[in-house]
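We call the chains A, B, C, D and E, going by the order they appear; numbering starts again at 1 in every chain.
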């Protein structure tokens, strides 16, 4: 963790990361609710929304479009990932080098760590190389810190989420992306565990506008730095609307109620 | 995926890839129907047919003949492969480096990924190195995207083929080579999932002239960029005839019927 | 082992290493007794205590704070570690390179070796690279020498601790950090086995002031060079008090009784 | 495969490779029939026989003697091998680098591939590095192509031997060294499968003079380029005699009968 | 094997290697018979005895003392080794690089190979790198050639010891260190199998003066180049006495009887 290292993907120290690596992680089935979202251009356009401080994609999607969007979007290069066609002990292929991402103009890098997996040791060592290379390129580092695998019975236990947040700090990430642990108090525990590293809540699968915004509000109240969101935006009929509301909650400190009213969704 | 990166192996954005790596993947038994096809020179001569936009071979076959054919054939260097003497969880040896292929004059590189295999993570990482090295050499990249292994019960399910096509895009290939998923609608779904990456249909084992051409017609109607074909050409008595017909269907937008009539096979 | 190589983290040949890698190794639960210890700054401030000759932390915690403390704290860069979310045969990820630690200004490096584990061979080879790189950077080397795994039934047997101390010498560490083997005589055996390498006792889980200080006194009488301590300092209400007392026992050759009386805890 | 790449170890496009790596592969027991053959010098002297176009040995045997024989013997550096003390799934250690062999003055390199083994993928990748390094040094490449392991029930089946020969071509070897598949017709099939790559028959364990020469005659009639032979030479009382006869059959197109008569053994 | 490469650790082509890597391989328990032998200095002093042509130690013990003994002792850098806390299939960590050993001033390098182990292939490849690096540094190479593991039922069978000696030659060692196979005739067979490589007998666990010297005499009569000895020297009350006697037997061609009488032990 290095103070300010994440400034290229935050605004006033807060962040909304729009994530769009579902084509790799889950397959095109995630695009079925709104079929045109299979077209990356639709998402790149969404990423130009003022609420979005970073757009997280895999190499191929960045290579094809980022040159056309580099003035309007901050690129968070997601360096590893795996298909869910594969069903082994959690692991994630490093399918993009920091050097290549930096050459393309990435503003920060993202990396998944499955703490507790039988691949934890290997993934930590891959993270080491990525984190140190990111420093050489002056890029911030976001860890998708998701305990998972043989060692874990419940990956949303408050203690596990706090541990996940701490791992990001200890290993040198600037921002820990963790699941919402179920309550504001538990989220606060995770934020405390992360020390000086920022914590962003992972959006997860789609819920109602109100439920989602209330959870985000609670995470922000707990001290989170922001949100990383994919399906809760792009699987909606009105993705701009929810981004407008998230902007209110995250950057304007509005409550979920206020945001729903202001935005009118 | 990078716009135009595949131009050396396409014509007007379409492609017919003649594939001849069967000696490695299946052994000489694939040459039994037409024994002289064991002689690579016979295939190199076929590859000079105007329908063929790229010839896909392994290192040894390229090294021995490409210097004599470099003016008449576009070389698609197939970098990995494995014999079927081996019967483990799907994997593929990287038996050719991008640098060596580029030195020989390759026009693009080809790489197999078995999504869903226990070797998926390792193969993705090998692909990363190959894809980035290909960019350094300004070479297009074709992914043989074949979900296979412990995670897959049915590797021709429409959702699986669409996922295969998407993997190619996400990981940075320019063209996804996938199996025909059984219907035009399913093929369209795969094409949509690939976004800006091109999709070529894999020819598979030999079928009748009509069946084969109708499938190709359907794939083209679904938005495919072209075809990769081996046995359906070289196991025929009249390989030039079928290439003539494929040229009609793929480059002239003829129906299978029209092509059969025009070519007279 | 190289004479004097550890001088940056010792004083008059003795050492008190304050260790704070628990956030990685055990998770934030170790901070529960004194919740503010989750904040690394609290520990960095403790590390400025005159008793402390080195502060052992992981990369992320060093990166975030060491630039502000480099005049007041000697940094012992702990290069490997693993979460206890993972429950496999003992292993430890190398999550920090010597070069990166040296660039940050580290004064020495620390490395865990689990002798007897199925990963012993691999860990010894990782240690080789780290030890030789440390020599290139003129850094001392501390081995956390903890026999553990399939080969060990009792990891505190006197013979095992002596073997642990010897491994540090044989493989090239300057200081062996070992568990207290239960008696002064056994500790003396470990010190003898280490030959010219220094031996520091590992503090372990929290005990009473008196018990802890008496154990440290016994270790020093046995010829130990000092102590590495974490929870026995930061899980106390009065961490400065116990550091004052440890300073008496280790640097002033006071008995536990004398130290308790002088310090008044 | 590159035309002419094997010229340093052939004469008029034909070859007799004297192989002497049995000390590694089988142990000194192979020297028991003629004990003085344990002394490498005896074999180096044999290798100066005019019939021999290349002498295949491991690094240590080359390092010790080649400087004294470099004017009289063509060195085929056998780069990998394993003892038969080990009894796992077929594999072969790469115990000599191409660079080291080239520095010593090697004229070509030899490499074993166990197609069908669980180590096939790894061995193909090792072969890739070796083959490309050999090209950099302008050295010919001979593949000992021996399908073996979990995937094979019968490693002398004609289809398997033909596949073995083809693997050598596909992967970039200049010469395929394969077992005799039992009949001239099957050998012809292997030769055809190898395309432009040469095929040499592997001598195998010792048989009678007549049987051996008749098999060689049949292999040559089938289009083989020559023979690789060890025990069938050095386990005989009169190794020069059999070399004289082999020279007749392979370079003079004599029948086995004619050779036996001419040479008088 | 390269003629003369071992001259820095032999005298008139003969050698007595004093080995002291027991602290790593067996642990401090080997020092219990004579406790002061835990102190490496005691052994370094012994190594200055005129009988000793090389002193074999691990990195840490060399690093700590060799600078003070470099004029009086020839350093045989033992590059790999493992603790016996670990109980898996025989393997040995490479815990010292050739480059580091050469920088320290090593006169030759030593390396263990467990032929027959499931790690044989990996160990041979490690040996390749070490052997070639040693040649670059003009250092002789001693192989501790110890068949061991799943493939071996009896690691002292004459055929196994002869094979062990041959492996050293084939793979490029200058000297093979093997166990005494039980009789002079069997030792002669091993010496013959090693061809131009020297053979030294491994001392093994402590026996009586007479038994030990008679075995050494027999090994020398069989053509051995010398002896590698540890416990049979340092576990004795009078280690200088036995070294005096060994010097007689090995360098003066005395019988065991003569040596015992001359030296008077």
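Definition applied: contacts are C-beta pairs under 8 Å (C-beta built on N, C-alpha and C of every residue); 3 or more make two chains touch, one makes a residue touch a chain.
A quick note: this is a predicted structure, and the numbers were derived from the prediction, not measured.
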| item | value |
| --- | --- |
| Shortest path length from chain C to chain D (each step joins two touching chains) | 2 |
| C-alpha-based rotation, chain B on chain E, 0 to 180 degrees, nearest 5 | 145 |
| Inter-chain centre distance, chain A versus chain B - centres from mean C-alpha coordinates, in Å | 36 |
| Length of the line joining the C-alpha centres of chain A and chain E, rounded to whole Å | 58 |
| Junction residues of chain C, two or more chains touched | none |
| Going round from chain C, first to chain E: chain order | C, E, D, B, A |
| Complex interface listing, chain C residues touching chain A | 21, 23-24, 27-29, 31, 35, 38-40, 58-61, 63-65, 81-83, 85-88, 91-97, 100 |
| Footprint of chain A on chain B - complex, ascending | 1-3, 115-118, 120-122, 124-125, 127-128, 131-132, 135, 147, 149-152, 159-160, 162-163, 166-173, 189, 192-193, 195-197 |
